[in-house]
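In the two complexes that follow, subunit A is the common piece, with subunit B as its partner first and subunit C second.
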Partner chain A sequence: MSTTTTRDLASPAPAKASSAKPRRGLRGNSTFNFWLFTGPFLIGLMIFVYVPIGWSIWLSFFDARFTVTPDKFIGFDNYKYMLTNDDFIGSLGTFTVFAAFIVPTTWATSLGLALLVNRLRFMRAFFRSVFFLPTAVSYVAAALIWKMSIFSGVRFGLMNTVIGWFGVDNIAWLADPSPPWYWFVIVTLRIWIQSGFYMILFLAALQNIPAELYEAAAIDGAKPGWQTFRYITLPQLRATSTAVILLLIIAAYQAFDEFFNLLAKTTWGRPPLVELYYKALGTEQDYGAGSAGAVILTLLIVIVTLFQGKIMGFGRGDESK
Partner chain B sequence: MTTTTPGIRKTKPRRAKRGGVMGNTGLYIATGVAALLFLVPFYILVRNALSTDAKITGENWELFPTDIQWSNITDVFNDPSVDFARSLWNSTVVAVLHTVGILFICSLAGYGLARIPYKHANKIFYLVLGTLMVPTAVTFVPSFVLVSSLGWVDTYRGLIIPALFSGFTCFLFRQYFLGFPKELEEAARVDGLGYWGAYWRVVVPNSLNFFAAMATITFLNGWNSFLWPLVIGQDPSSWTVQVALSSYMTNQTVVFHQIFMATAISILPLVFVFLFLQRWLVQGIAQTGIKG
Partner chain C sequence: MSALSNSNFSRRSLFRAAAGMAAAGTLAACGSNNGRGGGSGSGKQLTQMFHAYGEAGTEQAIKRYAAAYKDANVTTQWITSSDYESKLFATLLTKSAPDLFEFHPQIQLVKSGQVADLSDLIDPVKSDFNPADIKSHTVDGKIYGVRMIDDPQFFFYRPSLLEKAGVKVPETLDELIEAAAKLTTGKVKGLYIGNDLHAVINPMIWSAGADTLNDKNEIAYHTPGVVEGIKKMRKLFTSGDLLLDAPTDYWDPSSLSQGLCAIQFCGMWAMPQFQKALGDDIGIFPFPKTIDSGKQSVYNGGWSMFVNAKGSNVDAAKEYVKWLWIDQKKYQEDWATSYGFHIPPRASIAASATKLKSGLPAEGVKLFNEFGHFDNIGWTQAMITALEDVFADSVRKGGDPEAALDKADKAVNRELKKLFG
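Right, the complex of A and B next:
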């Protein structure tokens, strides 16, 4: 991300130099115009983004149960509490497991769909629409379909009907954490919703691979199929793959809707945001600890983003090249 | 590599040829099977929404209801425990104002940052960039603290306003405007227009594709968002449709046909938006690489 800024900021510089000689009159006052255009946004950004963050940092050092204007300063106790709290640490573990499942599977599914659709000659737009359509569905609606029908734990659930044909007993998909079948429910749901979106990114990237590369490979005797995929397609998609993986991790980090709805009233499978929701807005109303949790989560994501940005050079926009 | 000839797109037939007829059949079978799998949830939704509870929970899987239950629609709206019509209205208001507000505020700011020279513009841009690293969902606790102090819980203001100042949308507009042809604006200046006039008369009318793409994405996100409406909508009268659907899942009594019909109704407007505006959506995603 830091590379983006330095690079992009270089471009406004000449414009600034040229306006060093201020032109008076209706169109000349650029300072006024700058604030006219950006003022509403910046005021809102201050009030609704920066003030809450600052307030939250302040709250995290206070004993703030049932109040947002506390007066009992307790130093780092909220942080100590959260970092030794089994539920909160457990939620980070849940996120790690979730990311380990969802990132590679979505990556492979969306790339696979893009490769299929890219080779189609007839009905290409139709199939692309079919795979893309779930993007319009909310996680709540999908959770309802998954929980109440496909993975319903009773006999009439679709999956239990299907495995019943093979003589397998009903599985309590969500109601029983051992074995943890609920992961299968959660991961399939998210793959269904988000694959089409990442497929579009891969499709755009596939169409930008120069055909000459494949022609040259054919002349050199590379067999079409695995060899060209491994040595041409995959390396050419590196920038897009990197971006997709980073986006998938950040999206998984913010997962809330499907966990909250699929696993309501259970104590297992709570990712960080769900844990935070119950901690701060549940019966405890502990805004101090909740704020400390939000600060910790924010720091973690900032570190991950900066680290990945440095390592992978994400954000330079070369995936669109 | 830079001298890409028009021949680039012509390679597709050639590549398809190497698999021959068999390869093509395999390709279409694989794609077809994947497509069927992706359509299963839609099929279940429609089937259950138009069935009776007895059929939904029946011993044998009925492929499609023989006696279609249109009365399920009235059941949804006549249920006294959840005011579904109210939640649909709330979602409509929230999604529309969310879209209009974000587009207006963030596009102006994006243009200002991209095009209007100002000596502190760089510092201000860093302020916007800084918010990109903090996902909005992670800060829902502090945002709730602020909104409840303002007394905005259970109000449209509380649902809409805090989400309008999206650093990300502003950033995307800035990137877009950086690539906007300068000559068009200069022509407008020659005609005597200031920044404001040039923006509304020249820049916006020539950017409608990008605005349409951003509007579609923003509307989808506004309609589908759940966490913030859940936090703010404490009273059922301020529930959006997603919160209402969620409440069905935790109700004591489950009326299957009713909740599937409600889900179908909540998805229907989006499917239409989606089918008609898909072109802009795909274009927007391919351009920006992001959903919202």
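Right, the complex of A and C next:
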């Protein structure tokens, strides 16, 4: 956000100077205009982002139970507690497994959908809307549908009815963690909600691939189908793919709603945010330890993002090639 | 030309005005809208917070009582979320914290100065209250909450189904497991104890002859009997005779009344709904003995009113609590018996509550008196969560009970050290 605002400062100024007509009022006072336009956002940013972050760092050094204005300084005790806390460390592992699975699956699903929809000759608008619609559903509402009607453990739950036709016994999808069917519930839900949105991104990119490339490939003897896809379509989608993967990883980091709503009173299937919620905002009300965990998590995200930027080269100038 | 520059000018000023308004709006949004309505006008403004009771008419009743109060304008927040305690704890730290709220007695609220001392309200009528309810709200001789209702929790069963399967009412956990197996048919599961099993944790501990904490506020749940109980619960969980992932949780009577199971763990509150759905075909029994040397048990839960000591209207809130939950006996009886069934904590009201005097409700009262265990104010939410984790790890996941209990000991001791030094 801050980078955009600094750019805004630079660009309108020359435009104004080149204009021939003298303007009334605040001409030349670009500083004032800058603050006028960015001020509200900066204030919002300060109040809702920077102050909480600062406060959180401050809290992490205090014994803050049932209060956000503590007075007992305890140094790094909260950090020690969180770093030796099996639940928190375990949640980082949970997240890694989850991300390693959900990111490629959603990427493949949305790309597949985009390819299918792109080839359609009739009812295009209908199919595009149908696959995009789940994006508009909130995770909480979807979690309730998944939990209570599709993956309900009773004999008339949708999935249990379906597997019942093949003579398979009822499964307690969410209550029983062995085998971990709950992952199936969570992953299907996330794919259903997310893939429509990324499908649209891929669709836009697909339509930007020049038809000449395909013609040239055909003349050079590339077979339609896999070969064309592998050597023309996929390389042309590289920029979009990188962006989609980045967005998917961020979304996975932020996973909260469906885990929170689907898994009640468990010790498994908790990504870091859910774990921290229970620690700080939930019943324990330990804002010190919760903040320490949040700081640790933030540091991790920063490191991973920098590392990923190095590998994928996202944001570098030659990216769009 | 002039028209163009005019429109230019007006567009600019429009933007400027809009930006100014947006800025003002952002700032203004921080201050006011906290759901209390205007602070002006005659009479005080009070807010009270309740969890959503499942029975029809409860919300209207609470609002009706509030409307009848003349000295303050009382608004009600009716929290339908599944974890009321998280919502409550988080809200208490904010400016929009309720002036009074219902909850269970937990000492950390006292230690952190969150709840006000209500001794002066209760002392004049102290002898009328159930002594156990007074004890569970007392810290260092001061009473911190007014009990509204006592809610014993036990098993409900359908005698006709037990008779058909040739099963007698279980008195030990082994018998319960056996009964669940015999009662399970193609369409009906034998037993339902909630989707995450948390409701039976304390009863299982008590029925194993143990307790959550002892009198000196030390861990008392880590006994060989409890370990054995956990192993039995694991056996039950994996038997396939337990109803799991039902659409409603244990506190809702639907699972039993709609024929999904033959026995369900539930509470006194659901009795009228059970009777309406099943007529005479309904019976109750306490949590069976976990081990042979144990004793059957019933958890006497319930809800109490607390005053937010950090609120801005402590005195007005106390006045309201005194008016409704001490003086207005008609309302108290209405609240305890007109919707779900609850046991009034006050002897004088219990004496006049005719609905609880005969039949199944009277049996419920008997179980409450004979097998009941009340809340221990030293047993706080973090400790409750620690034991829920034990059940999650060793009953639902099949981990080693000893290891899970050791882990809980660590968490509970950390809590105890913070609370009692």
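Things to note:
In this text, the second predicted complex is superposed on the first by the 288 of 321 C-alpha atoms of A that agree within 3 Å, B and C clash if a C-alpha of one lies under 4 Å from a C-alpha of the other, contacts with A are read in each partner's own complex, and residues count from 1 in each chain.
As a working rule, a contact is a pair of C-beta atoms (placed from the backbone, for glycine too) under 8 Å apart; a residue touches a chain by one contact, two chains touch by 3 or more.
Small disclaimer: the values here were computed from a predicted structure and weren't measured.
Touched residues of subunit A, counted separately for subunit B and subunit C, are more numerous for B. Using the contact criterion defined above for the overlaid structures, shared-chain residue A:Thr305 touches subunit B, although it does not reach subunit C. In the superposition on chain A, contact of A:Asp257 is made with subunit B only, not with subunit C. In the superposition on chain A, contact is made by A:Met148 with both subunit B and subunit C.
Within the superposed three-chain model, A:Ala100 lies out of touch with both subunit B and subunit C [touch as defined at top]. By the touch criterion stated above, A:Ala108 is placed in contact with neither subunit B nor subunit C. In the superposed pair of complexes, A:Val168 makes contact with neither subunit B nor subunit C.
Once chain A of one complex is fitted onto chain A of the other, the partner contacts of A:Phe66 are limited to subunit C, with no touch recorded for subunit B. In the superposed model, A:Ala204 lies in contact with subunit B only, and not with subunit C. By the touch criterion defined above, A:Glu284 reaches subunit C but does not reach subunit B. Under the contact criterion defined above, the residues of subunit A that touch both subunit B in one complex and subunit C in the other are 36-37, 40, 44, 47, 68, 147-148, 154-155, 264-265, 281.
Interface residues of subunit A facing subunit B in the complex, by the touch rule stated above, are 1, 4-5, 8-9, 11-12, 15-16, 18-19, 26-27, 30-31, 33-34, 36-38, 40-42, 44-45, 47-53, 55-56, 59, 68, 112-113, 116-117, 119-121, 127-150, 154-156, 158, 161, 192, 196-197, 200-201, 203-204, 210-212, 214-215, 224, 243, 247, 250, 253-254, 256-257, 260-261, 264-265, 273, 276-277, 280-281, 287, 290-291, 293-294, 297-298, 301-302, 305-306, 317, 319-320.
Those residues of subunit A whose C-beta lies close enough to touch subunit C in the complex are 21, 24-25, 36-37, 39-40, 43-44, 47, 65-68, 86, 147-148, 151-155, 157, 169, 172-178, 264-268, 278, 281-286.
The touching residues of subunit B, when paired with subunit A in their complex, are 1, 4, 7-8, 10-13, 15-16, 18, 27-28, 30-31, 34-35, 38-42, 44-45, 48, 56-59, 61, 105-106, 108-109, 111-119, 121-122, 124-129, 131-135, 137-146, 148-149, 161-162, 164-165, 167, 170, 175, 178, 189, 192-196, 199, 220, 223-224, 226-227, 230-231, 242, 245-246, 248-250, 254, 256, 259-260, 263, 266-267, 270-271, 273-275, 278, 282, 285-287, 289-291. On subunit C, the positions that touch subunit A within their shared complex are 5, 9, 12, 16, 19-20, 22-23, 26-27, 30, 82-83, 85-86, 89-90, 92-93, 108-109, 112, 114, 187, 195-196, 198, 237, 240, 243-247, 260, 381-382, 384-385, 388-389, 391-393, 396-398, 407, 418.
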